[in-house]
Structures are given as C-alpha cells and as structure tokens.
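Below you'll find the structures, each written out as structure tokens.
Heads up, the next two complexes both have chain A, just with different partners, chain B and then chain C.
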Partner chain A sequence: MLFNSLQYLVFLPTVFVLFWLVPHRLRVPLLLVASYIFYMSWRPIYGLLILGLTVGNFVLVPMIAKAQEVKHKKLWLGLVVAANLITLAIFKYAYFGIDCVKGGLSLFHVDWNAPHLHIILPLGISFFVFEFIHYAVEVYRGKPLVKKFMDFALFASFFPTQIAGPIKRYQDFIPQLDIPAKFKWEYIDEGMQLILMGLCKKVLLADNLALVVQAGFTHPEKFTSLDMWLITYAFAFQIFFDFAGYTDIARGSALLFGYKVPINFNLPYLAANAADFWHRWHISLSTWLRDYLFIPLGGSRCSRWNMYRNLFITMALGGLWHGAANHFLLWGVYQGVLLILHREYVRLMEAAGLHAKLVKSKLYHVFSVIVTFHFVCVGWVLFRAETEQMCWQIISKLAEAPLALMNFSPSQLTILQIRDPIIFPAIILIVPGLMIAHVVVNWLNNKKFYLSPPWPVQVAVMVAMLCVLTIFSPDTSPRFIYFQF
Partner chain B sequence: MPIADDAEKEMGAMTGFFKTRFAWALLTFLVVGVAAAWLNFGAVSPDNFPVLSWTGWTIKDYLNSKQRPNIVFLGSSLMLVPLDGVDADYLGKRVDGSQHHHSVYFEDKLKEKTGLSLKTFTFALPGEMPSDAYLIVNNLLKGKNKPDMIVYGVGPRDFLDNMLPSPAATDPFRYLSRFGKIDQIADRVSPEFFPRLDYELGKVSYFWQKRADISQTAEQAATSLINAMVPLPVDGYPTTFDERRLLMPDFRPCEVPRGAAFFRPTTAAERNNFVDNLAEYKKRYATMKWDTYISQMRFFADALDVAHAQGIKAVVVAMPITDLNRQLLSNLSWDAYRKGVLAMAKRKGASVIDLSESKDFNRSDFGDTVHLHSGGGKKFFDVVIDQLAKNEDALACFPEENRIAAKNKTTQAATRLPVSATVTTNAKQKLSQRGLPL
Partner chain C sequence: MTTAAPPVHSDAAEKTVATIHPELVSSPSEVRKYKFRSKFLLAMAIFVAFNATMTFLQPIHFDPYKFNYKGWAWWTFNELRHTKRISNVALLGSSTMVSAAAGCDANYLNKGLDLTNHHQSVYLEDQFKKNFPGDYHTFSLAAPGQMPSDAYISLKGMVASATRPDVVIYGLAPRDFVDSTLSAPGDTDAFKYVTRLVNIDEVAQRVFRNPFGKLDWLLQRTVYLYGYALDVRLVLDENGTRFLNAVLPRPWTKTPFTWWDRNRLLPNYLPAEIHPEAVMAGPIDRKTADAKFTDNTFEYLTRYNHPDKHTYKTQMFFLNKIAEFCRKERMELIIVNMPIMLDNIRLLKPGGYMGYLQALKEFGIVHNIAVYDLNDFARYSRADFHDSVHLNAFGGQKFLDDVTNAIHRDPRVGAIVGISGETLARHKELASRKALQVF
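Moving on to the complex of A and B:
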C-alpha cells in the first residue's frame, strides 16, 4: 500500500477514526492489526517474517538483561545481532553474495552454476532490522526492557514508519503508547499539513524530476557534460524530495494518532562540509550508524588513523545498507573518504591557524556549501548509476564540464532541445529555484511568521495543496525510492 | 514523547472539527471546486486529447470526416490488422495504420458484388473490448455521422482476457468515455472498490473529475511559459518522437505519431514470418474469469441494443483464429465464448457471420496465432462480402442513393493490381510494446 494511493486515502482515515473511538487499552492492538494489514497488503507471507523477528527479539533480548556476567551479556547480544543480520543477509544480500562468490571463482576459471533463490526483498526489512538491533544494544547498555509484547510489536511494525523509516528509538516511541492521550483536533491540523506537504514533494517535484533523471542516467551518451551536471542536480533534488516527502507523510500519519517520530532531514544541501551533510541527511540512519557501528568500533576516542578506519568502515557498511550492489558500496566508501578528507582538511587548517578565521567568513561558508553540494552530487552519481560502466561514463562526462564551460553556448545543452515533456528545458529554472528555496527556508526557519503563520495563510496553503494534489496526482505514481532499501 | 501532557495548553480553544484549519481548508477546497465547476475551469473539449493514440487519431478522424460512413467496422486488432494490411496490398503502397481509417478494398469489392457505393470507417482499435465498442456505438455513432451498418469482428480474447483489470483500463475507454456520461454503467466499468471510489470522488470533487483536463490545460500553459523563458537554441532542433521514445520508453506509452506504424505491401513469399505469440495468450486465457466474461457479454449486448435503437444494422463476425490459439482454451471457455456470442447476436437481431470454426482458414493465413495477414485478410473480407451480398435483409439498411444501377459496373479499383500485404514487423512490435494485443 503506497502513501500516495487511494488505498491509503481510505486506510488512514479508517484507522484514525477507529483509534480515537476505541478505549485506550485497545489502541495499541488496533494499530498493530492495522500495521500488519498495511504490510501484508503487499505480500501476505512476509507478515510472518516481521512477526517472527518480533517474537524472536522479544524473547531473546531479555536474556541480555538477565545475564549476570558481561561475557554472557555479550554472547547473548552477539546472538541477537547475528540472528537479525543473518535474516537481513538472506533476504537482502544473498544474490549479491552469490555474485561475489561467482566472480571470485571465475578468477580461477571455475564456472559455478549459481542457484536461483527466488527471494523477493521484503519491504522495509532494513529499517525494522535496524530497530531491533538498536533495541538489543540499548538493553545491553542497561536501558529498560519493553514489558508488553504488543508495544514491542507495534514499535517494529508501526505502519507510518514501517517501510522507509525514520528509524525510531524505542525509548522515545514506547512511552508514547502508554500515555492515555486524549484526542486533540490539533493532531489533524499538524498531521494533515505534513501529509499534504509530503505528497506535494513526492508528486509535484520528485516524480517530475524523475523523468529527466531516468533519461539521463539510462542514456548518458545522449547528453553533454553540462546536461549531466544539471541531471545530477535534478537527481539530488529528486531523491531529497522523494525521501523527505515520504518522511513528512510518515510523521504526519503518526501525528494523527498523537505520536511523534523523529525528523530525518534538515536542509541537507546547505551543509558546509561532509560531516555537516550527515547531520542533515537521513538523520535517523546517520545517528544509528554513529551509535551502533561507529562508536562500538571505537568511535573517535582512539588514534587518528583508527578513527579514520572506523569512519571508513561505518560509511562503507552504511552504503551497503542501501542495497546489495557494488555501486551502493562504492557510494558508502566515497562518503567515508569524504569524511576522512574533511577531518584531515580541518586538522591541517587548524595547524596553520586558519580554520577559526575561515569559519567566521560568510564568503567561505557560501563557498563551502557550494563545494559540499557538488561533492554530494558526485556521490549521487555513484548511488544512482545502475552499472559501474555507466557510473564512470557519467563521472567522466562531469569532469569535462570545465572545458565545456569555456566554450559555452546554449546549443550544447541537449535538454533544451527536448521540448516535450517540458520539464527538460524547465530544469534550467527549477534547479536554481529549488536551491534558492533551500536558502529561503533556512532564512525563514527562525522567523515567527514562518513557524506559526496566521490561520488564513495556513488554510490557503492547505487549499492550494489540496487542489494541486487532486489535479496532478497521476493514476500511477512511481514508488518511493527508499522502498527498495 | 508525552504529547498529551504538553499539548493541552497549546490547544487553545479548539474543540471541534469545524474549528480546525484543515476543516476550513477542506470546506474551502469544496467551495472552490463548485466555483470552478460553475466556471468550467480548465475543461477542454472531449476531442482535445493530450496524447494522440490509435484511439485519439481515430476519433478525431471520425468527428472531422465530411462524408458520413455507411459501414463502421468495430473490433480489436483482429479486425484492424487485416483491414489495413489488405488495403496496403490492394493500393500497392504503404498504409499508415494510425491514420488510415477506411477500407478501400472492402468498398470496391462490395460495390463490385452488390452495386452499392458505400463509404466505410474503421473503428477497430488495438485492444478494443466490447465495453469500448459499446461506448463507440453509444457516444459517437449518432447524429449526422450515424452509419447504416456496423460490422463487428469479435474474438475470444474480447470476452476472456485475464489481463484486463477492469473495462476502464483500456486506452480506448479513457478516450471514449470523455464523450458521454457513464453513470449508468459505473458498476460494470469499475466493479472493484477502489476504481469505483475513484469514480465516485469525481462526483464530489470537480478537480478530481476534471483532473486530466485541468492538468492538460496547466501543462499547455506551462509549456508556453517555459518556451518563452527558455527558448530552443537558435541552432538547435527539437528532438523527434523516436529520439524521445528512446530516452523515455515509458513516457506516454500509448502515443502513436503519424508514420509510426506502417503496413507495407507484401507478396505471398514475404508473409512466411509466423510469429508465435502463444505465451501472451496463455496469460490472457489463464483461467475462465466469469466476471469479465459476463461484464463484456453485457456490453456486447448493450452495443447491439443501442445500435438497434439507433437504426443501425449490426453484423457480427466471429473472427477466425488458428487452431494453436483455440487449443489454449478449454472447451468450456470456447463454448461460452462462441455459443454466447452467436446466441446473443441472434437474440439482438444482428446478422451473424461465423468464421470461428471455418475450415477455410488455416495457419498459413495468419501472421501469428490470431491475426490474419494481408493474404488471409483478403480471403476473410471476400467471405464477409460474399455473405453480405447474399443477405438482402442486411443490405436493406442502406439508403437508395447508395444503390448504383449496374451491378457489373467495372470499378476503378478492379483495374488496380492487387499486391499482397501484411502488417510490418515494426508496427507489430510497436503495438506489442504498448501491451496491446496483436
């Protein structure tokens, strides 16, 4: 069931009305049933997968808490984490593993007839497995257990966040379930605003940009280097609006039940360096990676080179988390290298006594934002290109841009010659417009008018969004990009 | 996070739904919708199509034709492919499938046989179902262009297609439904809950109902604006349809520009490329879907009823298919189709030409397991014309002015040298790529 479907338009209000009609003790069971219906509407058998993992974690994690000795705690933790990761590996990485083994054997001229496993990747598995691991590690660290099975099951399967996050923390989520909250009309206002905003991001921006991106990334040979930069910018905004749109709908849907789930984005393309980018992009994942991978590996409380090793491993595995393919691994490695280079750069500048001065300079900040955005965009090429060959082809095209700029003429832009659909030439206006919108929103973010606009303005914005969504919602909208992870 | 605790104070005076901003937004949205409906905001004429598919071209040509057709052909590609292929042979030149909407061969041969000088129009469309045929008869075959006769070629796929989610899912339906209300058939057009909900939402919200029109208008406005702001480079040229299709194969999949689906003249020797499309039909016939069968049979009956009520003589032709295709169907499915069609046609007063089990057609007459190539198509139309010529009752529907004196008058067409034809592989592939049955 997609958020941008008629099914969800019926499902969400139905669950919402029932939720507030039933007594508090029945709300969690109701949401649990709704969440399983939501999940099983795609492929019923996978309901058993999420249920099995829930039961397994609920039974095994208390063993960590009960163990008296640290080594026993560690043993139980290792067992729980391994069980979760093995499940993830089987469903998500089996083909990738087989391909790697096959590739390795071929080096020795061994032709292995690899089995076909008929595995279909369960939706959202990467997200709920990470939530289970988070729970196990937190219990190991001494945090309290979840007492009620229903609460725990709902934590893992809560339908607004089930498929593509945000990755929740049980300490934040579970206590909300126990509060016998009274219905507030404000939930509707805040929730619906977020839902409408999210749908607009998806339907109006991400889906339209997808046309340009799809053409550019499947046929880079048809486009010039300057085109490919514009197409890469377009993808940067497509993936942002697609995922941020999903997150808004998830947060809005949760808010209708009075629950808050974490934010995932904070104007990521205004990041001034790679580390800043990861504080603004997919925040629930980056904080998970920090807490449950980077810190256990040793974090930054170790030698410089060990810290770089930890960063590298964390980001490489973070890349692989997105999908079982070399280009995701490469993207993760690239992000790790960027973070390491940034730290080295800061260290050198500090050693030269320049860092403090530069950080205060507005011009330097603007320059940093532009440079960071372009490094992030190059990363997006690794992320989006479907084959390594295609990836290098695009990157080499991007590298030709300085030469092309020296002899620039509008006829160099193939996108200007594609007049149907009109989104192609419109990219020239849309991409700068979206960047400016980032800056404007950043400026407005601490203005009272923006944070709490007058009542008629809020109504007018919602009416506009309703009209636009009604008119421009396609019969079949593409799935959210992060559904595949 | 304990929302319940901290939210109470912030709530202010909100005590009811109609005090929420969302409620006011919803209410305003409905009022704006009513105003937009009153102003007919963004609505476009039914024949102003955003994309010209086979259906779009055909409707435009029909509405713009200056001469009233006497005979309109209905059916799927089973009828369309031989009609165009035979004309390509007969005329000795390429025929653009999406633009060629009559049968010169049929007109000439019928004139030769009967002395009737008649005009034809082809409303046979790729993937056309009886539900589409019903909309054609009900919404378009009326007024000044009302024909005297319809010749409706049917095949088992028309009633048994497992791959059809609902009657509203076809490309013809999307275009044809713009020409009239479908309230009376809504339960059959959208039998499942969500398609029906989609339809009902259109009744409540003008914007939802007219979203295709308004988005088309908005797209046109945006196109003008962008063209003005970001013009085509002076030394540039706009990309062609083929270039665009290469870059975006899934964009407007049903669009067919001029010259994209040619039928070329061929000789018997060139028609040997029999295409095995059984895999596709295995899916189409996978199970006996009674819901689809009953629904489409009702539309078939309704089409014949409407034709009768409008004074249009109906001739139903059960199309020949290969034994290979027939063997995919269980006896139950085949009997349901064949007996059902024949009985219904007779009950509704239509003339019937049953070629479904005819021994006159064999595999060598077909381009694949269901479509007659131009050679088989010529044989097919000769049989149909022969049967029509013998059917005085059917011929009586044509007005006196179409009857010319000399039955044996040599027509210009008779002097033309027939050349065999078949649909080009290119055209077939293009139809197949769009998921249209060939």
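Moving on to the complex of A and C:
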C-alpha cells in the first residue's frame, strides 16, 4: 500500500477514527493489526518475516539483560545481531554475494554454476532490522527491556515508518504508547499539514523531476555536459523531495495518533561541509550509523588514522545498506572519503590558524555551501547511475562543464530542445527556484515562522495543497525511491 | 473556542515522553486558544465549498477532445470530429479487424496508409457498392486491443459526437473474451479518452473491477477538481509551454528534437501514444507476406493461459450492451467471427473455442442479430495470415469479400444494408443539389 494511493486514503482515516474511538488498552492492538494489514497488503507471506523477527528479538534480547557476565552478554548480543544481519543478508544481499563470489572465481578461471534464487526483497527490511539491532545494543548497554510484546511488535511494524523509516529509537517510541492520550485537534492540524506537504513534495516535485532524471541517467550520450549538471541537480532534488516527502507523510500519519517519530532532514543542501551534510540528510540513519557502527568501531576517540578507517568503514557499509550493488558501495566509499578529506582540510586550516577566521566569514560559508552541494551532487551520480560504465561517462561529462561554460550558447542545452514533456526546459527555472526555496525556508526557520504561523496562512496553504494534490492525482504517481532499500 | 487540556498523568511513561517530546504532553497553562476547532477542518470545508460551487456553476468550459495521450482512440475521434463524411457503416474490432481492413486497403489502393488518419475500409465500401444499391462510407472504430467494452464506448462516442451509422460490423475473436492480459475495462486508453465524450453511468458498476476503481470514479464524479484534473493539467501545461517558449525559446539546431527522439529517450512516457506515420500499412506482395509470417504461439500461450471468468462475463455484458444500444439507436449489428489459425485455437483450453462460438450464436438468437462465422479453415491458409491471428492483405481481402457475400446471402440484413446505401446516396445527392443552389 503506497502512501500516495487511494488505498491509503481509505486506510488511514479508517484506522484514525477507530484509534480514537476505542479505549486506550485497545489502541496498540488496533495499530498492530493495522500495521500488519498495511504490510501484508503487498505480499502476505512477508508478514511472517516481520513477525518472526519480532518474536525472535523479543525472546532473545532479554537474554542479553539476564546474562551476568560481560562475555555472556557479548555472546548473546553477537547472536542477536548476527541473526538479524543474516536475515537481512539472505533477503537483500544474496544475489550480490553470489555475483561477487562468481566474479571472484572467474578471476581464477573457475566457472561456478551459481544457484538460481527467487528472492523478492521484503519492503522495509533494512529499516526494521536496524531498529531491532538498535534495541539489542541499547539493552546490552543497560537500557531497560520492553516488557509488553504488543508494544515491541508495534515498535517494529508501526505502519507509518514501516517501509522507509525514519529509523525509530525504542526509548522515544515505546513510552508514547503508554500514555492514555485524549484526542486533540492539533494532531489533525499538524499531522495533515505534514501529510499534505509530503504528498506535494512527492507528486509535484519528485515525480516530475523523475522524468528528466530517467532520461539523463539512461541516455547520457544524448545530453551535453551542462545538461548533465542540470540533470544531476534535478536528481539531487528528486531524491530529496521523494524521501523527505515520504518522511513528512510518515511523521504526519504518526502524529494523527498522537505519536512523534524523529525527523530525517534539515535542509541538507545548505550543508557547509560533508559532515554537516550527514547531520542534515537521513538523520535517523546517520545517527544510527554513528551510534551502532562508528562508535563501536572506536569512533573518534582513537588515533587519527584509526578514526579515518572507522569513518571509511561506516560510510562504505552505510552505502551498501542502501542496496546490494557496487554503485551504492561506491557512493558510500565516496562519502567516507569526503568526510575524511573534510577532517584533514579542517586540521590543516586549524594548523595554519585560518579556520576560525574563515568559519566566521559569510562569504566563505556561502562558498562552502555551494562547493558541498556540488560534491554531494557528484556523489548522487554514483548513487543513481545504472552501470559503472554509465557512471564514469556521466562524471566525465560533468568534468567537461567548465570548458562548455567558456563557450556557452543556449544551443548547448539539449533540454531546451525538448518541449514534450515540458519539464525538460522547465528545470532551468525549477532547479534555481528550489535552491532559493531552501534558503527562504532556512530564513523562515531562523525567524521561527513555523512555530506559530498565522492561521489564515495555514488554512490557505492547506486549501492550496488540497487543490494541487487533487489536480495532480497521486494515484498515478510511482512508488517512493527509498522503498527499494 | 478552546481545546480541552489533555489529562496530566503522573506515571513514569508520561514523564519520559514529556522529556523527549514536551509538546505532546501539554499542561493546562499551555492550552492554546483557537479561533476554530481545527484549521484542517476549516481548510477542508473551504475545499468542499469551492468544489461544490464550481460543480454548480461550471464556469469553465473545457474541451473534452483535448487529451494528454494521443493513442488510437484520440486519433480515431480526432478524425471523426473533423471529417465531413457521413458514414453509414461502422467497423468495430481489435487488431484482427485493423490488420485485415488496413492491409487490404494498402494493396487495393497500392499506397502506404497512415493509420492515424486512415479509418475506413475503401475496399469494403467498393464491394458494398458492387453488391448493394446506393453509396457506402465506412468508418473504422477498430483499434488494437479493443475489447467489447472499448467497442461499446467507442460506438456510443461515435453516435454522440459525430454520426449514427446504419450498419455496425463487429469482428470478434476468442482472445477478446479470454485473454489473460486483458485489463479492467476502465483501464484502457480508449475508455479513458472516450468517457470524456460520453456518459458511462449506466455501466459504471461493471467498468471497475476493484472497489478502489469505483471509488476513484465516484471521486471524479463528485469532486470538481478531481473530475477536471486532466483538463486543468492540460491548461497549465499549455500555459507553461507558452511561458517557457517566450522565456526560454527553443534554440535553432540542424536536427530538431522530434517525437521519435522522445520515444527513444523516454520509452515509458506515454508508451501507447501514436504519431502520424508511426503506424503504417504498406502494399505487400505474396512473397514478402509469406516471408514476414511471424510465429506468435508463445505470446498466445501466455494470453490464453488463465482464462478469467470475470473478464469473460464483463466482456459478454458489454457485448450485450452493444446489441441493446444498436437496437435503441436503430443500427443493424452484424457479428463476425474473425478467421484465426487452427494452431492458435489449439492453444485454447479444450472446448474453449466451441464454447465461444456457441455463446456467439446464442447471443445472435437472443438479440435477433446476424452472426457470421467466417473462420473457414479450408478457405484461409497460412498464406493469408501475418501470424496466427492477424490476417494479411490477401487474407483481409478474402475476409472482406466473405463479409460482403455473407450479408448478400442474408435477405434481411442485405435489405437493411441496401436501404442504408440508398439513403446515403439520396443524402449525398440532396447535399450536392444544395451546394449547387448556393453557387
């Protein structure tokens, strides 16, 4: 069931009404049933997968808490984490693993007749497996266990965050389930605003930009270097609005039941460096990677080179988390290298005594934002390109841009030739518009406008969004990009 | 109006939440004053009121012929809209009928035919003129993949928007009823386009297979902006294009970007859209036709694999609707069982073909209409086919001869066709006299 479908338009209000009608003790069971219906509407058999993992973790994690000795605790933790990761590996990385082994063997001229598997990636598996691992590690670190099975089952399967996050923390989520909250109109107002905003991001922006991106990334040879920059910018905004739109709908849906789930984005393209970008992009994943991968590896409280190694491994695995393919691994490695280079750059500037001065300069900040955005965009090419060959083809095209700019003429832009669909030439106006919108939203954030906007503005914006969404009917919209992860 | 303050609980859980999300657990001092119970409800009320007002006033007239998807249906009705010819014979059918009629015409006229603007059967017209009195103009509503549901809506669209034919010849084959790749009636591009021209309320219950399809249709009927969403999008698209043409004009290049380029670049964007010269039928000789024969057994293994009772019943329902509509509009419906190869029939489930033929015959008896089974295995050989179901130019000619002969042999239908021809001839004569008087 997609958030942008008629099914969800019926499902969500039904669950919402039932939730506020039933007594508090029935709310968690109700949401649990609804979440399983939501999940099983795609492939009923995979309901057993999420149920199995839930039961397994609920039974095994208390063993960590019960173990008296540290080595026993570690053993149980290792077992739980391994069980979760093996499940993830089987469903997500089996093909990739076989391909890698086959590729490796072929180097030694060994022709291996690989088994033919029929595994369909269960939706959201990467997200709920990470939530289980987080729970196990936190219990290992001494945090309390979840006592009620229903609460625990809902933590993993809660339908608004089930398929593409945000990755929740049980300490934040479970206590909310115990509050016998009374219905408040604010839940509807704030929840629906988020849902409408999320749908607009998806239907109006991400889906339209997708056409240009699809063309550019499948036929880069048809476009010039300047076109490819515009197409890369378009993908940067497509993936942002697609995922941020999903997160808004997830947060809004959760808020309708009075539950808060973490934010995932904070104007990522205004990041002034690679580290700042990861504080703003997919925040729930980056904090997970920090807490359960980077820190256990040694974090930053070790030698410089060990810290760089930790960063590199964390980001490479973070890349692989997005999908079982070389280009995701390459993207993760690229992000790791960017983070390391940024740390080195800061260290060198500090050694030269320039860093403090530069950080204060507004011009330097603007320059940093622009440079970071472009580095992130190059990363998106690695992320999106369908083959490695195509990826290098696009990157080499991007590298030709300075030369093309020196002899610029509109005829260099192939996208100006295309008038059907009209989104092609329109991205020349849309992309700068979206960049400016980032700055404007940031300015409004600083002015705390969103805390208490005037009610006529809120109502007008909601009416406008309702109209726009009705016209650009969401039922024809494709699925969210992050569903595949 | 003020919102009620939520109860404050002093248990540990609430304290934890209060620390993490203080906004969720507000104390009485934090009670906020609202002018309205809910801003969202107010926004919804305004939205509903706006839609109701627009539905009542209908202030904007949208052109129903404008459509974002120029598929077969669009081109067919585009020609119907602009043609001044009055057609007294309409042809219905899927690609089996298209390939027979177009292939035959291409050879008969000895020229390439662009199927975006060739919607007639010149050969059949001439055969009718030879065999029956008067004049004949055909208009072919046949389109690839046309199901009885599409045929019904297309015929209704023709009568509502252009002209009422006297005779309707509908070529059917088993795949029109048992094809497992058939979508729900409401999903086809023909249905989506033609429903902009005609009302489908009376068949709406049978059009949508799942409840969400019905809900979608209901929303289209009740929410103004949803019902006219495509029209508004087209207006925005037109204005956007105009604006961009002014602000960012298309630079001159030696090789401008064409529809063909777009198709190569975005194959999934409007995939069934066709374009002038995109679908052509050209003259062909026997040798080439033989060489071009394609074995499509594998395709039909899939298509006949899971015959669906629901699809069969739905399409039979629409076939009945066609018969009822023809009776109501005083049009003579002629059902023709299209020739297909025995190899193709063997792919059907045992008894499937006989069951289909029986159903057609019963249908003919119930509605008192002519049903001609022209699938004569002795007469049509492999040399008459493109593949196991589509007749080539030579087979098409044979088929149209057979249609003419069958009507000729049938005194009742033959008389009706003859009257229709004479009426059209008189009409044309009157029209030409009037034109002379004007001069």
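Methods note: the second predicted complex is superposed on the first by the 480 of 485 C-alpha atoms of A that agree within 3 Å, B and C clash if a C-alpha of one lies under 4 Å from a C-alpha of the other, contacts with A are read in each partner's own complex, and residues count from 1 in each chain.
The rule we apply is simple: a residue touches a chain if its C-beta (ideal position, glycine included) is under 8 Å from a C-beta of that chain, and two chains touch if they have at least 3 such contacts.
Not measured: the values here are computed from a predicted model.
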{"item": "Superposed partners chain B and chain C on chain A - clash or fit", "value": "clash"}
{"item": "Partner chain in contact with A:361 - chain B first, chain C second, else both or neither", "value": "neither"}
{"item": "Partner chain(s) touched by A:14 [first = chain B, second = chain C, both, neither]", "value": "neither"}
{"item": "Which of chain B and chain C A:445 touches, first, second, both or neither", "value": "neither"}
{"item": "Partner chain in contact with A:417 - chain B first, chain C second, else both or neither", "value": "both"}
{"item": "Set intersection of chain A contacts, chain C complex versus chain B complex", "value": "6-7, 10, 172, 175-176, 179-182, 184-186, 188-189, 192-193, 211, 214-215, 219, 222, 258, 260, 409-411, 413, 416-422, 425-426, 428-429, 455, 458-459, 462-463, 466-467, 470-473"}
{"item": "Chain C residues within the chain A interface of the complex", "value": "3-4, 6-7, 9, 11, 13-14, 16-17, 20-21, 23-25, 32, 34-44, 46-47, 50, 212, 215-216, 223, 225-226, 229, 232-233, 236-237, 240-241, 244-245, 247-248, 250-253, 256-257, 259, 262, 264-266, 268-269"}
{"item": "Residues on chain A engaged by chain C in the complex (per definition of touch)", "value": "5-7, 10, 171-172, 175-176, 178-182, 184-186, 188-189, 192-193, 211, 214-215, 219, 222, 258, 260, 409-411, 413-414, 416-422, 425-426, 428-429, 455, 458-459, 462-463, 466-467, 470-473, 475"}
{"item": "Residue ranges of chain B in contact with chain A within the complex", "value": "1-5, 7-8, 10-11, 14-17, 19-26, 28-29, 32, 42, 194, 197-198, 205, 207-208, 211, 214-215, 218-219, 222-223, 226-227, 229-230, 232-239, 243-244, 246-248, 251"}
{"item": "Footprint of chain B on chain A - complex, ascending", "value": "6-7, 10, 172, 175-176, 179-182, 184-186, 188-189, 192-193, 211, 214-215, 218-219, 222, 258-260, 409-411, 413, 416-422, 425-426, 428-429, 455, 458-459, 462-463, 466-467, 470-473"}
